[in-house]
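These are the structures, in structure tokens.
In what comes next, chain A is part of two complexes: it sits with chain B in the first one and with chain C in the second one.
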Partner chain A sequence: MSSLVGFISLALAVIINIFLLISNFFIKYNNKIFNLIIKVSSILTIISFFSLMYAYIVSDFSNFNVFQNSHSEKPLIYKISGTWGNHEGSMLLWLSILSIYGFFFSRTENINIKFKQQTLLIQSFLHVLFGLFIVFTSNPFLVNSVIVKEGLGLNPILQDPGLAIHPPILYAGYVGYSIVFSLAIAGLFSDSDNKGWIFVTKRWALISWTFLTGGIALGSYWAYYELGWGGWWFWDPVENISLMPWIAGLALVHSLLMAKGEQIIKKWIIFLSILCFSLSVFGTFLVRSGILTSVHSFASDASRGLFILLIFFIITGFGFLVFLLKTPENSKPINFLFINKVSALVINNILMIIATLTILLGTIYPIIVEVLTNDRISVGGPYFNSTVIPIMIPGFLLMSIAPILSWQTNRIRNARLYVIGFIAISLLVLVQSYLSTFNTWGVLGLILGIWIITASFISIISSYKIDFNFKLLQKINPHIAHIGVGIAIIGITCSSVFKNEYDFNLNEGDTVQIEDTIVKLEKIEMTNEVNFQALRANFLIERNKKVVANIKAGKNYYPVSKMITTEAGIYHELYKDIYFIVGDQKDKNWFVKVYINPFVSFIWIGVLIMVVSGFIGVTRK
Partner chain B sequence: MKRLIVLSPLVILLIICFFILIYLLSNKDPSKPPSALINKDIPIFESKSLYETDKIIKSQDFKNKKVLINFFASWCLPCKVEHPLFFEISENYPDLFMLGFNHKDKSEDAKNYLSEDGNPYDFVGVDSDGMIALEFGVFGLPETFLINEKGKIIYKFMGPLTKEIIKNEIIPLL
Partner chain C sequence: MKLYHSCRKIAFVNLFVFISFFEVFADGTLDEKVKNLTLELRCMTCQNQSIYDSEADFSKDIKKIVRTKFEEGKSEKEIKLFLVERYGEYILFKPLLNYKNWFLWSFPFIFLMFGLFFIGLKIRKN
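What follows is the complex of A and B.
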């Protein structure tokens, strides 16, 4: 029953949008009716999504999708997340988020009505494309032809709270760019020079970018403690394709800032708007077609792949074609000086685009090579680390001073203070690392991170009157975001450069010393949980002869899908994580791997600051 | 010049789509990476017969024999779908030893299933706790393996077999 409701409302939503697109050529809708149509189709799509979710919650195995991906013994939260834990459901989630954005955008006021309608029409067009894709190739409401009492389970690696909410947040980022895209295309079509779209675009671009940041961070955090490889970023293709729209979106948000200095590079903003959404769709395509091998690989199906490729081609081709035909001209010449805000932003933008293209090349290179030579190669960490990071470093350096640069002149306020600060920090870090372990990347990263934080603080203190209220927070928000970046850079640098790895063969009761910590493998036990069997080793962490924590690490065995997952045990401290992985048993001894990951928590703290300040930025008028 | 810059995204798009299109049309499927078990010796196991509990089969028993191993269960619907195909294989290749593993099943249910749908296997081993499947890295039912005379795994297929797969992928190996 719920499947029927779901399918009918999905089909209706698509039909309404097709009707709107066609009838728009003949009928001139008034604003109210137009908005009503958009809202009805949005609500129908959302109803469709919740019907699927309901089928998952009540374990309705007469729905083929539920039968394939769920199991009645699963805990409720994973039944719910099972809704988007598979191809069909996740595409429906994609469409629902598109509808939610459309719904809220239709409520936007203080914007030219014709312009708004054009934007929403493009949203409708996107809805139709993806809606047809779901109905014809990825229908989650198919009826199970056989009567069964039990489902086939969910990929256990996805049974994790972090991952349950990771896809919706990530999609909220990806799909949010659709509004930015539609605004840009509508902007190209409406020849009038209306400045309103800059401010509207800015808000939606920031919302999408913030969700994308949160989504990527959640995925990364999940990889950190669930995959059990001791790291948090692997330059996995699926990670790369989420990073591309993120960097392009960062460039977009910053070039929109230029509007504040009356320096609108309309052409560039529109280009980035189209690029962000194109990369998002490209990402969806690569993941959903299963064309890239990665930890995220899902079952693939060539016809689906072709269909999404077609959608990607239509959207991106359409976007850039309109851009080619109706390239806007800048109304004013750009005030480009040796060192002012505009030049810093432009240089940063160029660096970010180069970084995006570099990642794009590394990600699709294996496909090109396989087509040409039939060899399967993989491009991994070494390529990206040695290309992307050096491109980003000058950008980070610029970022530390960009907020205090002037729009109109070459003058820097308090220049001396900054120079002294920078030299002092560099010397301090150099001496410190010379006395401990010297590493070029480590020194560079640390100087950058600390410098960005310090420079942001200097700017806040020297430029604003400090009285604590929300208005001030809104004003200094860009600096706060940059402090977040600085903190994250310190975390990224330390955890990748100064990481240590130790291997042991331990029996129950054995004690080992790891740096300043004494670790005891207390005992190993097997337990039966709701839907899996757990093997857990209990480690006691001792400092100064006192037990400060006990950490469980081990493995889970999921009988329904017959999979084993690694459950890393992590002892979190502010300055380092002690990361335990339990391997196989050999002659009574267990293989135990311990990573000391310094300053990992800084990454999550930094990202959290960025996300919070992103949302504060949205509230800014 | 300016036109050229504005044109470049479209050119890049065309190149990317061109390569991906060829890739998709050439039917390359990265979702089926070669299994780590391919060309390895079969895992060591020991299993009781479903019908006579005193009869035991061991991994060492297959010297100089080609073996097809199929993991199935009475509760597994896709297994039911591929089931009739095994009769054709066993008819056409009488030398091939067909070993079925009854996976996590009640022995009553399994016997009923095999008497209703027929028993194509030369031996039906019991894998009630799933340990043998674990050794084979079985991901989900059904799964089929092909072992050569040297006791090495030469083929693995996840999911129900179809006529095409048997014709194109399994028969050439027999």
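What follows is the complex of A and C.
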């Protein structure tokens, strides 16, 4: 029953949007009715989504999708999040978020009505494309032709609280770019004033980018504790795919800043807006088509891939075609000097685009090579580390001072202070690393991170009167975001360069010393949980002869899908994580791998600061 | 003028940092050599995991092979070529610099040059 409601409302929403698109050529809607139509279609789509969720919650196995991806013995939270733990459901989530964005955008006030309607029309065009895709190739409401009492179950890796938050937040980022895309296209069609357009674009671009940041970080954290590989970033194709619109979006957000300096480079902003959404859709194509194998490509199906490829070509082709045909003129020439804010922003943009394109190339190069020569090659971490990171380094250097550069002149206030600061930090880090273990990347990363934080603090203290209120927070917001980046860089550098690992074969009761910590494998036990069997090793962490924590690490066995997952145990501290993985048993002893990951927490803290600062930025007029 | 001065200072410090860069490539111990190489190899039976990080049987075998080859005095390049011959280029996370991959490796560099050229042009114009 709920499936029927779901399907009807899904189809109805698509039909309403088609009707709106066609009728718009003949009827001139007044604002109220237009908004009403958008809202009705949004609500219908969301009803459709909740019907699917309901089917999952009550384990309605007459729905084929529920039957294939759920199991009645799962805990409730995984029934709910299982709604989007499969291809069809996740596409419906995508469409629902598109609708939610449309809904809120239709409530935007103080913006030219004609412009708003055009934006919403493009939005509803996107709705139709993705709606048809779902109805024809990925319908989550198909009826199960046999009557069954039990479902096939959800992939155990996805049975994790991470599934409840990572996809919705990530999609909120990807799909948010649709609004930015629609605004750009509408901006090309209308000749309305730039001011309103820029302001609205800035807000939505920042919202999407902030969600994307959060989504990627959550995914990364999930990979960190769930895969049990000791790392948090693997340059996996799916990670690269999320990184591309993120970097492009970063370039976009920064370009929009230039609009504040009255230096509107509309052409570039529109280009980036189209690029961001194109990359999001392209990512969806690569993941959903099954060309790339990863934990994210649930089940692959060629027809879906083709359909999404078609949508990608329509959106990108349409976007860039309009862009070429109606390229806006620059209203003012940009004021590009040796070192002012504009040149810093332009350089930052160029570097980001090169980084984005390099990631894109590295991600699809194996596919191209395989098609052309039938050889299989891999492009992995070492390639990206040796290309993308060096490209970004000048950008990071520039970032530390960019916010205090002037728009008009070459002068930097307190230039001497910054130079002295930079040299002092460099020398300090160099000496420190020569005394301990020297590593070039380590030194570079530490100098950059510490320098960015210090420079941001110098700027805040020297440029603003410090009185604690929200207004000040809004003003110094760019610096706050950059401090977040600096903290994250320190975390990234330390955790990848100074990571240590130790292998042990331990029996119950054994004690080992790892750096300054004594670890005791207290006991190993097997338990039966609701839908899996768990093997857990209990480790006691001792410092100065006192037990400070006990950490459980082990494996789960899921009988429904006959899969084993690794459950890493992590002891979090501010300055390091102790990361435990339990391997196989060999003559009574268990193989235990321990990673010491220094400063990992800094990554999450840094990202959190960036996200908070993103939302503060949204409130800024 | 003062600004150019400061920029020069910054450039010197950077140079210093980059010079120290090359000191790292001195010979490491056998363990380090094995670690550095196996980090760049794909575990063919896992999902996007390096041989170094993986505990799969395949990875254990390759780790042994790499170690013996190093002990025999083979260079990193020779070992890589040996593995490529045996398992195909798919095993390398860092693609070889050959005719097939020249575009992959040169592209970021060309683009960077292009970008620098563009920036230089703009600065000169103003």
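In this text, the second predicted complex is superposed on the first by the 617 of 621 C-alpha atoms of A that agree within 3 Å, B and C clash if a C-alpha of one lies under 4 Å from a C-alpha of the other, contacts with A are read in each partner's own complex, and residues count from 1 in each chain.
In this section, contacts are C-beta pairs under 8 Å (C-beta built on N, C-alpha and C of every residue); 3 or more make two chains touch, one makes a residue touch a chain.
All values derive from a computational prediction rather than experimental measurement.
J.: Could you classify chain B and chain C on chain A, in the superposed arrangement, as clash or fit?
T.: Aligned on chain A, chain C fits beside chain B.
J.: Using the superposition on chain A described above, determine whether A:Tyr502 touches chain B (first), chain C (second), both, or neither.
T.: neither
J.: Which angle, as a multiple of 10 degrees, do chain B and chain C span at the CA centre of chain A?
T.: An angle of 80 degrees, rounded.
J.: So in the superposed three-chain picture, is A:Gly583 touching just chain B, just chain C, both, or none of them (first/second/both/neither)?
T.: So A:Gly583 only meets chain C here.
J.: Can A:Phe615 be said to touch chain B (first), chain C (second), both, or neither?
T.: In the superposition, A:Phe615 touches no partner, neither chain B nor chain C.
J.: Once the two complexes are aligned on chain A, which partner has more residues of chain A within touching range, chain B or chain C?
T.: Of chain B and chain C, more residues of chain A lie in contact with C.
J.: Based on the superposed arrangement, let me know which partner A:Gly362 touches: chain B (first), chain C (second), both, or neither?
T.: In the superposition, A:Gly362 contacts chain C only.
J.: In the overlaid three-chain picture, which partner chain does A:Phe271 touch, first (chain B) or second (chain C), both, or neither?
T.: first
J.: Go through the superposed model and pick first if A:Leu152 touches only chain B, second if only chain C, both, or neither.
T.: The answer is first: A:Leu152 touches chain B but not chain C.
J.: Nearest approach of chain B to chain C by C-alpha atoms in the superposition, in Å, rounded to an integer.
T.: 5
J.: Can you list the residues of chain A that meet both chain B and chain C?
T.: Shared contact residues on chain A (touching chain B in one complex, chain C in the other): 293.
J.: In the complex formed with chain A, which residues of chain C make contact?
T.: 2-3, 6-7, 9-10, 13, 16-17, 20-21, 23-24, 39-40, 42, 47-50, 53, 55, 88-95, 100-101, 103-104, 107-108, 111-112, 115, 118-119, 122-123, 125-126
J.: Which residues of chain A touch chain B in their complex?
T.: Residue positions touching the partner: 146, 148, 150, 152-153, 271, 274-275, 278, 282, 289-293, 297-300, 302, 305-306, 309, 312-313, 316-317, 320-321, 323-324, 327, 364, 367-368, 370-371, 557, 559, 561-564.
J.: Mind pulling up the chain A residues that touch chain C in the complex?
T.: These residues of chain A touch chain C: 229-231, 234, 236-237, 293-295, 335-339, 343, 346-347, 350-351, 354, 357-358, 361-362, 365, 369, 373, 375-383, 386-388, 391, 410-412, 415-416, 418-419, 422-423, 426, 430, 438-440, 443-444, 447, 583, 591, 593.
J.: Would you mind writing out the residues of chain B in touch with chain A in their complex?
T.: Answer in residue numbers: 2-3, 6-7, 9-10, 13, 16-17, 19-31, 33, 75, 77, 104, 130, 133-134, 138-140.
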